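Common to both upcoming complexes is chain A, partnered first by chain B, then by chain C.
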Partner chain A sequence: MSAQQPLSDDSATLTITNSSNVSTKKQPPPEKPSDVRRRSNVILSFWLIVLLLGLPIWWKTTTIYRADLPLEEMLEWADGKACRPVFPLRISIQASALQDQEAQNLLRLTQHALDDLNDFAGHHLRLQLSSPLGSEKRSTTDNGSALTIRLTPGEGTTSTLDPLEPILDITYSPNTIPSPTSSSSSLATYIASQLRSTFAEEQATISYLLSTNSMPSEHRPLSLSPETAESLAKRTTRSLKYAPTYHLTFSLFTSGPLPSSWDIESAIDEYMKPVLDVLSPIHNFTIDTQVQLYASPGVQSQVLNKEDLTSFINAAEWPLSPSIGGAPTINFIVFVGNQTIASADSSSQSWLIPQWGTVYLLSLPSDTIHVPANTLKQPLLTFTSHLLSLTGTPESGSLPLRLSTLARIRSADLLLRASSTLGSLARLAMALPSISIPSSVAAGVSETMSHLRLACDTLGGPQGLEHARIAEAEAERAFFEKSMVGQLYFPDEHKIAVYLPLLGPVAVPLVMGLINEIKAWRKRKREKAEKGAEKKKE
Partner chain B sequence: MRQFLPFFSLSLLSFLSTTCGATSTTSDTAAADYHEQLVLRPLPQSALLASFNFRSNITVSEFEAHNFRFFPRSLGQILQHAGTRELHLRFGLGRWDSESWGARPWDGAREGGTGVELWAWLEAQSDEEADHKWLTLTNALSGLFCASLNFIDGTRTTRPVMSFQPEGDHPNTTATDTHLLYGVLPHEVVCTENLTPFLKLLPCKGKAGIATLLDGHKLFDASWQSMAIDVRPICPAGGECVLQIELTIDMVLDIDRSKRPRDNPIPRPPPGHELPCNTSKPYHSHDTCFPADHEANQDWTLSQIFGRSMKGTCPLTDSKVPPVCLQVPNSRAVYHSDGVLEKKNLDRISRCFEIKPDADFEIVLPNPRDDQENNQGAITHIVKPETPLLYAERSFTGHGQERGGMQTILRNPSPDTAVEFIYMESLPWFMRIYLHTMSARIDGQSGKDESLVKEVYYRPAVDRARATQLEVRMRVPPASTVFLTYDFEKSILRYTEYPPDANRGFDVAAAVITILNSANEAVYNLRTTTLLCSLPTPDFSMPYNVIIFTSTAIALAFGGMFNILVRRFVAADEGPEVGLAAVKAKLKGRLAVLAKRFGGAGAKKGVVEEVKPVPVADVKE
Partner chain C sequence: MDGGKVTVGRTAGLYIGAAVLRLAIFTLLPGLPDLLTGRVEISTPVTSFKRLQEGLFLYNHNVSPYDGGVYHQAPLFLPLFSLLPNALSYPIFTYLLYIAVDLLSASALWKIADSGEAGSSAQFTSPRREKRWSGFVIAAAFLLNPFTLATCIGRSTSVFTTCAILHAIAKAVSGAPFGAMVALSFASYLSMYPLLLLPPLLLLCYDRQRPDRADKSALSFAATHVPVVFGVLALLFGMSYLITGSWEFLPSTYGVQLTLSDLTPNVGLWWYFFIEMFDSFRSFFLAVFWLHLSCYVGGLTVRIRRQPLVVLTLLLGIFAIFKPYPSISDTSLFLGLVPLYRHVFPLMRYTFVIAAVILYASFLGPAFYYLWIYAGSGNANFFYAITLVWGLGQSLLVCDLMFAVLRDEWEVERPEMVGKEIRQI
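Here is the complex of A and B:
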């Protein structure tokens, strides 16, 4: 349609003759307007098909399914903006010997003293007065108080923690009772400082957890001294990741053929079972035991140095495969041999391997065939105390208090972990636009967030732990969704190699046709305008 | 007198072996918690069969309380997790040469085909649950034994109906909640990494007892070897049920090859004076040598063939079971290390050794020629192998990439007894068999014999989901050979279904033959060799070629059609000039325009430039 330009190159004169030649060249008959219109229609319809049908089909069939994720909200959780972890701890005061008004006054003053001492808003102690009849046990558990203070008159001011119940016994001399008008009292300050020291470890642990996670600075709790932070870091790295069930494996390893049997079952029942029962609200435990003869340790030297302890476990030969099923395994190994540990404290026979378990070196007479339960007492007591630190139980305080603290620490930990997993997922979804996000991930995320919300609202209570646990499991499941991984390895070069051979040759005539048609249309328009101008002239 | 001796010993052997088998099955329930035994049997053609057997028990109550002592904890956990009642796992390598070695050890009950075989009775309420547990089991075992057992998926799993019977005592074997599943991986190469976890399952590891002889280099250098793990519940009358694990390793060592020193493993021809020659030949002289029969050359020591000597005994083992037994005729002299008590058994063809717990043990078998002046044939130096009940061979027939055939030759050597057995094939789905072509005929007769096949159980394959399962109950008359044949079609796989070495072919699992006695009990098992089936294999650059080719075709068709619709057709002299000259002229014109734009207003050029646009304007009008 666009006429080629026959050009000559010899000289100007020749060009002129040539051009006269061209002008005399036979011209095709003028095209009928209907033909021109038909051609335009053909090109238009082709392009319409390509744009309206081809492109949507191509888009639809090659697009990657990405479920909608609430990215903003997920990042808010990860940054700690969505939830401010607050642990309101209720502490009830039993003061049967005091007048009601006196007790109220004491409570008010103590609360003031506590508030003055406390610089961490997230961990809050709230005092309340228990009813005078509340000495019975049920009421202390029913109203959900973390600790009960039992005030009894006595000589001097002393305080003791009850080893079996979450009760702090405080005696006071009657003259220290504050008068209703006084604004400060030594007894109130004393109680406050006692409470403070009782919960100091929990506070430090929680604030450590919050500080290691990306909490915004305005929520950042009290700053920890470097030593405390270091010891807390040690303790958290030592403890296993939270799981509702732990699998305990007790193994008897001997370097020779003897002994080949042990009374482990009765020993566990006697020395370890009580603690496992106490831990049962937080963790379940499954147990198995084994005897392994001819087990050579990874280190053969007679005296074990600190460096040897890390390589003592002969992972290649000892059958310590973790349990199948979901529960993480904690290994407790009694190694019968005559090796000793080189340390200042010569009596130490055991060491703890962080997040893995414990080894106890037991030296027995060489002809022992059977290890009786009473020989296993010391190893099992060691294992029990190590189990507590492997599960992350705090070190100070009475056992019930430590356990309730453990529940709170664990729920905070799980909450933060789930939040940070959500954040990672959100960042992943944003960083890789070509990754597919199946709807199961979106479902997992919404499930996680609803449980996180619930956990955040009930922090400190038993439901809080349960919700945090579900949230964490759901978040992990969403993050490790299998079908999300495969899409990562589909390179763009591959797509080009597949599409280009088809699209290239098809696109060239289409585009050329369109360009020519546009040119012809413009030409026609100009001609029309010229004609119109000529007519006007005439 | 001498002529009778072989016959006598043969009949005695068969008699004693049956009684021994019977006593061993009854006594093992009453035995201690652990025992181990190694049986060495020299075979013809300079081969030696070594059968290691380790057996340990755990009471069911201990098992349920997870207190493991002799039973390996790692395996126990898996069994509990997958609800397994009875488990059989086999690793096999090589071929048992039954023509010269005779009947298989353990009557074939402790061996599998080449590769890995697994069958188990699982406790499940439904088929889906059984499949799920099977998946758990295969995946866990795959991790434990460093084998690709996790590739036993639905396409390699069958549920045999007739071939397998539980070995253990199950309270009610016909219960609907017990499911038998069978999976096989013929392609798996068994190697040292499978032996190491196997040894870890033993209470004494490889540190004491007969397990010290197990060396990966020697085991996997053997002509034939099989590792088996069997777990079964056994309930003795009036006693507590126990769960028994039996670990068995059988291997046939080539004595000559095993004796080759490890630092000089390349075989070199021995010098002429060391060649074992048959001196009885009349043409024997210093420069001619007729090689002596292999069977005559049966001298070896324990440390020579296993590469190390045995270190004491495992202290946990049952002291009533002698740890090592040697099956050679009593007439043959055998030397052993000090402090070992040699006991010759009454059957006159075997002797056992009682070993002190912490002394090294060594046996020396001298060359029989040295201690006996008159060479009376090899038969007196080794125990003559027992004839198996049936010989089986399987091969592919046919040609081409589309169809194929399978032929199994089954020979009954017995002159007077017919053999009844179940022949089981578990074929991959891409071999689609034509069941109507299956026929059995007796060698020497034309036409198929309908009476040979008694019962057929056939479960057809489902593409990419299920394997073909074919179980045939057959009878082979005495002293006859039966040909069982059928045809199949090879299907074409999808591009991604081919393995990386697609041109090697696809392994077809061994057929399992279970010989039954009159009471329908399995008395002997054998397996054929695995086969390599070659499927039509495409050129793997094909998809790209196809893409390019179809794209070109589509583009051609589209371009032509589009141009016909859109172009205007005029006479040749009416249209614009085309061809090389037109392109050249156009290019020159363009260049001239450029030169004008950049070269300034040159007077000489100006003439040209002024003129040049003229034709352009001319044409454009």
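Here is the complex of A and C:
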């Protein structure tokens, strides 16, 4: 660009170097006034464009738009001051065999015992007496209680979790009913400890989540034992990030030409569909399947060691879709071949790949053309249990309890994640005063905060999860705003590198021309004044 | 010298010869027009014949021609070209149109040359003016220039702008300011940048007014003629609106030139710069580049007030280097006007360097583009480097011509210095 000659100090001022070497250097003759005026006009025309057009354009195009962000509030959310995550769990007690008075008394005592046991304020268990007339269905759904305790008189004191309903069946011998005056009761203590062990995992998981986030210490639960923390950390890293929809890909890879078809649809319907249905309030699933012949695994050895398992997936050749678009993909692979896993327990045929999916090694007779649904039963049951752990479902308890716990854990997780994203955004906005903040970011932040507030108020309920999900998505969108990401690493010094290469060479002739012109003008003025003075003298 | 004595036979001979040459290339090398149409040196996003075909197809199927973001040319091309038979089945009509436009440009150039304006304007008469080429030579130099030929064969729509600009100048030197203003409006309507030629063209018209109806005051002259330009432009915009049915054509034609949204490589300097540009500074540097392009108008017009035709020539040279989508067509227009200054050629210092650099760039440019795009053994820097050399050659020519013209003026003031070496201070 600097090939352009500075036109302003043009060749109006041409002077001579005598080609013949004359020792006395000739002075150029004085310029004509018209030439002087013309040169001033030329310089003026350039400067007028710079000042009248250039400067306003520079101002307008490089000022940074910074939308107002509620920084204080955002930091409060990140520090956990804005919302104290509390999970009020209501537990109803059905004791149709007890007198009302007795039941009230038992309830009071059990609550006392629970409160004594509980060390974590965020996780409340609140007992209530369900109306004896109400059916089981009503008591579980309408009251929004997390668990129903069904007290029935029986031989000894036992407890069993109903596998299909969130119901804890407790039998008691009639003589353990506390008298109205007694201040303690073995039955109450028993119920309390049963409840506590039922919710122990949830409590541990939530306190783990809170402790890994920047929650202030007063809200923080008592520290977990290192072993618990480690196992929870393992489980958290294994599970996928929460998404409202997951995409499941079932792939049949065979090492040879056979088998070439499988009854996957009916097998999914039969063995996996029930679990997908119960997960449906929390996640949606989309499913596709594929068959790939002559698929060579990444490891060729006959017996797979622990190290081989990580490289078994032939990522280069196997057509496994990455998580493109909205839904993350969970891969379930049935590999038909004769490889085995080297382990103490020789029956193991599958392994779980954290945040990715599962591989199941299926050995079949070499002339199998079609894989029937019942052969797929074992793989699909394995997949189902792995799906639960990939979605982060707790491991203990009955399935309905595990699922409701999952919803609560997920909403807490999303809430914390959205809050910490807000905090990062606020810190980013404060740390980089030159970053532009588009109004869409401000809108996203206010949307996030309103949903966070709603989520915080309804934590533990189904809307809580929904609000937390929206809040998290909005927060991520605001944080990863395209026009901001580009400017993340743009310190002010870089502006010199942006402006100088082009504007520097342009500015030098402009400025020099102006300076020379001003000098000449002052000189002329002085000469005029001197002339005037001389005239006066005369 | 023999400008006035050219016989009708020679004139006709030149025009017929140029037309036959073009027709022969069109018909004997049927693959060449399409090959040249695809070359980035000839077809820019705002002048490409291929894109015109696309716009024409959409227009003839009652779809807005600007849908799809391919067509960026003026809407009035569409009815003109849809009058012609289909360019694919009967290409001869399109060829004839382009040949006719080239001949029209040459005849305008001939008129400019014969007027002698280059050597002696209203306020300045060069002592060297006797040494000049006739209109015949200048028209021939334009018509047989390989750049002009390639532009015509490549059917770039910039030939229409070239023709309009040359006619504006021809009308101005022949004392028809109204016609000049109308022609300039057409040029501006087609490519926008010729609007920057308005101030020197006004001065040229003012200087060359017919004595019988001369307007004494320059201001009142400008006040009567500037509205003509804007009136004609408004009329053209109105017609475009009627044709396309919306104002969509404004952002799609002039907006693209202003914002450089199509970064197809060309022989100019903008595309590479804006590929590399940080997004947040893009609008600022667009403004800087446009201001840079337009800031020469005022300075040059003031400085070389006595020879407005020189200003027009130099500005056309500067535009050929610094406009957003330049092509060799702009260079061919500039090179067509340069021979008018035959009388100052002896004062130019770098003629050999300039000729060598321009030849060097014209041969290596296509080679480097091939290396980058087809062979894959080069990268974008190859092509950009050669466009820099191309720009350097042209700016050398602009500067040298300006130097020669100024020296010519200066020698009138200081006759004792003729033939002596000078130094710029």
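Observations on the model:
Heads up, the rule we're going with is that the second predicted complex is superposed on the first by the 421 of 538 C-alpha atoms of A that agree within 3 Å, B and C clash if a C-alpha of one lies under 4 Å from a C-alpha of the other, contacts with A are read in each partner's own complex, and residues count from 1 in each chain.
Here is the rule we use: a residue touches a chain if its C-beta (ideal position, glycine included) is under 8 Å from a C-beta of that chain, and two chains touch if they have at least 3 such contacts.
Bear in mind that the values here come from a model prediction, so they are computed numbers and not experimental data.
By the touch criterion defined above, A:483 lies against chain C but remains apart from chain B after alignment on the C-alpha atoms of chain A. Look at A:436: by the touch rule set out above, it reaches chain C but stays clear of chain B.
By the document's definition of touching, of the two partners only chain C reaches A:58; chain B does not. When the shared chain is aligned, no partner comes close enough to touch A:233: not chain B, not chain C. Set against each other, chain B and chain C differ in how many residues of chain A they touch, and the higher count belongs to B. When the two complexes are overlaid on their common chain A, residue A:502 makes contact with chain B and with chain C alike. In the superposition on chain A, contact is made by A:42 with both chain B and chain C. Once the two complexes are laid over each other on the shared chain, residue contacts for A:303 go to neither chain B nor chain C. Overlap of the chain B and chain C interfaces on chain A comprises residues 1, 3-5, 7-8, 12, 15-16, 18-19, 42, 46, 498, 502, 506.
Within the complex formed with chain B, the residues of chain A that make contact are 1, 3-9, 12, 15-16, 18-19, 22-23, 25-28, 31, 35, 39, 42-43, 46, 249, 257-258, 260-261, 264-265, 286-291, 293-295, 317, 319, 321, 323-325, 497-498, 501-502, 504-506, 508-510, 513, 517. For chain A in complex with chain C, the touching residues are 1, 3-5, 7-8, 10-19, 29, 32, 38, 41-42, 45-46, 48-50, 53-54, 57-58, 61-62, 64, 436, 483, 486-487, 490, 498, 502-503, 506.
By the touch criterion stated above, chain B contacts chain A in their complex at residues 65-69, 72-74, 76-78, 81, 136, 140, 143-144, 200-201, 203-205, 207-208, 314-316, 544, 547-548, 550-552, 554-556, 558-559, 562-563, 565-566, 568, 570-571, 573-578, 582, 585-586, 588-589, 607-608, 610-612, 614-616, 618-620. Taken in their complex, chain C has these residues touching chain A: 269, 278-281, 283-285, 287-288, 291-292, 294-296, 298-303, 305, 388, 391-392, 395-396, 399, 402-403, 406-407, 410, 413-414, 417, 420-425.
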